[in-house]
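For clarity, chains are labelled A, B, C and D in written order, and residue numbers in each chain start from 1.
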Amino acid sequence: MSTGRLEAFSDGVIAVAITLLVLNIQVPAIHPHGPPGECRTLGCALARQWPVYAAFVTSFLTIGIIWINHHVMIRRLGEPDHMILFLNLLLLMSIAVLPFATNLMATYLKQSSGQHLAAAIYSGAFLAMAVFFATLNRHLLLIKPDRLSEEIPAERRRRILARSISGVIPYAIATALAVVSPYVTLAICAALAVYYAFPIGSGGAAAET
Amino acid sequence: MSTGRLEAFSDGVIAVAITLLVLNIQVPAIHPHGPPGECRTLGCALARQWPVYAAFVTSFLTIGIIWINHHVMIRRLGEPDHMILFLNLLLLMSIAVLPFATNLMATYLKQSSGQHLAAAIYSGAFLAMAVFFATLNRHLLLIKPDRLSEEIPAERRRRILARSISGVIPYAIATALAVVSPYVTLAICAALAVYYAFPIGSGGAAAET
Amino acid sequence: MSTGRLEAFSDGVIAVAITLLVLNIQVPAIHPHGPPGECRTLGCALARQWPVYAAFVTSFLTIGIIWINHHVMIRRLGEPDHMILFLNLLLLMSIAVLPFATNLMATYLKQSSGQHLAAAIYSGAFLAMAVFFATLNRHLLLIKPDRLSEEIPAERRRRILARSISGVIPYAIATALAVVSPYVTLAICAALAVYYAFPIGSGGAAAET
Amino acid sequence: MSTGRLEAFSDGVIAVAITLLVLNIQVPAIHPHGPPGECRTLGCALARQWPVYAAFVTSFLTIGIIWINHHVMIRRLGEPDHMILFLNLLLLMSIAVLPFATNLMATYLKQSSGQHLAAAIYSGAFLAMAVFFATLNRHLLLIKPDRLSEEIPAERRRRILARSISGVIPYAIATALAVVSPYVTLAICAALAVYYAFPIGSGGAAAET
């Protein structure tokens, strides 16, 4: 197994997952002569499902960032062993699950029941992704440094890993705060996505590229 | 990050988005003994959903064109910086959203309510795509010309960029005309798709290839 | 635009289209205490939707064959011009539409209304695919032979093209026979798929590989 | 046809199939004031559909393993003949069908009717996949060893093939035991997925890598 194939397959899964997100955006029905409380115009109906767009953009950017970071990580790898393939598969599974988690979040955000759990699962899916990513990075940088494509000083390896692990923290906080409010959880996840995606954010992919 | 990976991932997202468009074409139900006004034959039912096909073909060709242009653009690039990755991600997001926008257009085109907004959003999605494309091209050609894979004279860079920016105009017009009639908007978008896709059209990909 | 990118994008669209076919296979509901005529067991319900499987296998194999033939064709190409990109996009569109055509066929095959039209559209989609394929091959072999990666004697080019064009005929017949019976149309399409896919069939990909 | 293209297309189909699995995980509706027996909380509703998650994880890991094994197999191949393309297409078809089989299993596992058949089909789909894989490997190693990219001693070829064939047995057992209990079938499939995926399992991909 070459890293080329590992990248190609991972790219495929990530590209499909990121594009499947759009299936969560439904064309709303309108009821021009419906009762008060129902949307009578398309504008109203589209505006009312704003959680769908917010969750879509957040998930899209987050998957885009993990894709960038994934390549930075894999580029360091000489040849994968079986543990790396396994951890990578778990990482891909946590990404593949995001269209569901995104849909769950968008569906329940404004509900009066289930909204806290939905937010915790949404943020928890990102948390799982960050944990698998850090685990994979740890295996690569600390346990199997002989498989790196070129030698990296131990000091630098620890620094890369520390940043990778620190990426777990904000998602843990966002997940914990789902008890308080699902809006807070979504806001944190969205802010992280914009921060890391936007070239000014220095803690994310930019620093590693 | 190599341009090869950037292309491979972009190709993946574009290929999935263009193929997901087909999910908008539903198999219609027929009512052989239904009331007048309902379709009693499959031919009638299929013919009645013509906006679905019109929007499908328009979106399919438009995504196909943006794919061609995307490669012409990326081929000029030596190595992407983080801003390029970010702008490319926004471009991909505007493409990934098209199956929804296409569905919205097809669903509301013949309705007596919401049809103007649906057309504006449909054309607006193409407009966003054209804007992100021009922005990415501008960053590449004007701000970071040192990242080009081979030097391009300033004169030629400005000409390429001017054409890229001028591609925004017809979609802006189509979006504005949605106030008048959604049919006009769809007709403009369809005409642009055919014009650029067809090898005779000189303003689109043909000129750059 | 290199042929590598053309192949990669075409592969992506074909791979997504062939895999989306599975979405047409629905998990049936059963009615253990339903009225006579309804399926009371899963076995009955699954058996009853046999047209879904027949259409799935036929379309899957047919797309698989077109994928093989597509590569044989593109491998001969040195560098694509814009007409080739355009014709290839039309070919991909005819492939991307197959999940819908397959669903239409499977849904209406056993109906007493619409079954002939559904079969004609199903077979007609394959016909369109064959026509676009032959057109693309013709452009490549006759009109732009200077773009071939290596010279092919005129005699051999005509022979390849003749075979490519003759592939249109059986689908034209299958489409015409939809007037008689949709079962005949499906049987012809299925037989063609098996004949070309199976390594013994000498008229299909085997001969060109 | 090069093995590179064969791998790229196979990768595409497998990546789409593995990612489409997520569409089986539906966002459940809750009925806060519903009758007893209905779920009143999201936690209850999500917990109740545990078969969906169990089947998802099992199928995801199994497809991930077949992807790894597929590459180990194809890497040995010099140039594919038409029989290899055909057998590979059948293998891909058995993989592409898994989102349906997974959905069937998850839907009927807890039902009092159809659960045995659903489990047999689920496990039977894995069985078919294992059979096609072994057949492809047999063709490659025994019938066409001259197409291998580098010579492999007959002894070692037989050993690889024996392991490939022995992979069929547990799925045959799991399918047979569907008569007894669908839970047993799912448990065996899940155990196999974890055993082969987890780096400690020595009978699966690990041994071949």
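Basically, a contact is a pair of C-beta atoms (placed from the backbone, for glycine too) under 8 Å apart; a residue touches a chain by one contact, two chains touch by 3 or more.
Not measured: the values here are computed from a predicted model.
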(request) On C-alpha atoms only, rotate chain A onto chain D and read off the angle in steps of 5 degrees. (result) 90
(request) Check the residue numbers that chain C and chain D use where they touch, and answer same if over half are used by both copies, otherwise different. (result) different
(request) Please compute the C-alpha centroid of chain B, do the same for chain C, then give the distance between them in whole Å. (result) 26
(request) Please list all residues of chain D that touch 2 or more other chains. (result) 8, 12, 15-16, 20, 23
(request) Quick one: which bits of chain C touch chain B in the complex? Just the residue numbers, please. (result) 1, 5, 8-9, 12-13, 15-17, 20, 23, 81-83, 85-86, 89, 92-93, 96-97, 99-100, 103-104, 107-108, 112-114, 117-118, 121
(message) Which residues of chain A touch chain B once you look at their complex with the stated criterion?
(response) 7-8, 11-12, 14-16, 18-23, 25, 27, 30, 32, 40-43, 45-46, 57, 60-61, 64, 67-68, 71-72, 75, 197-199, 205-206, 209
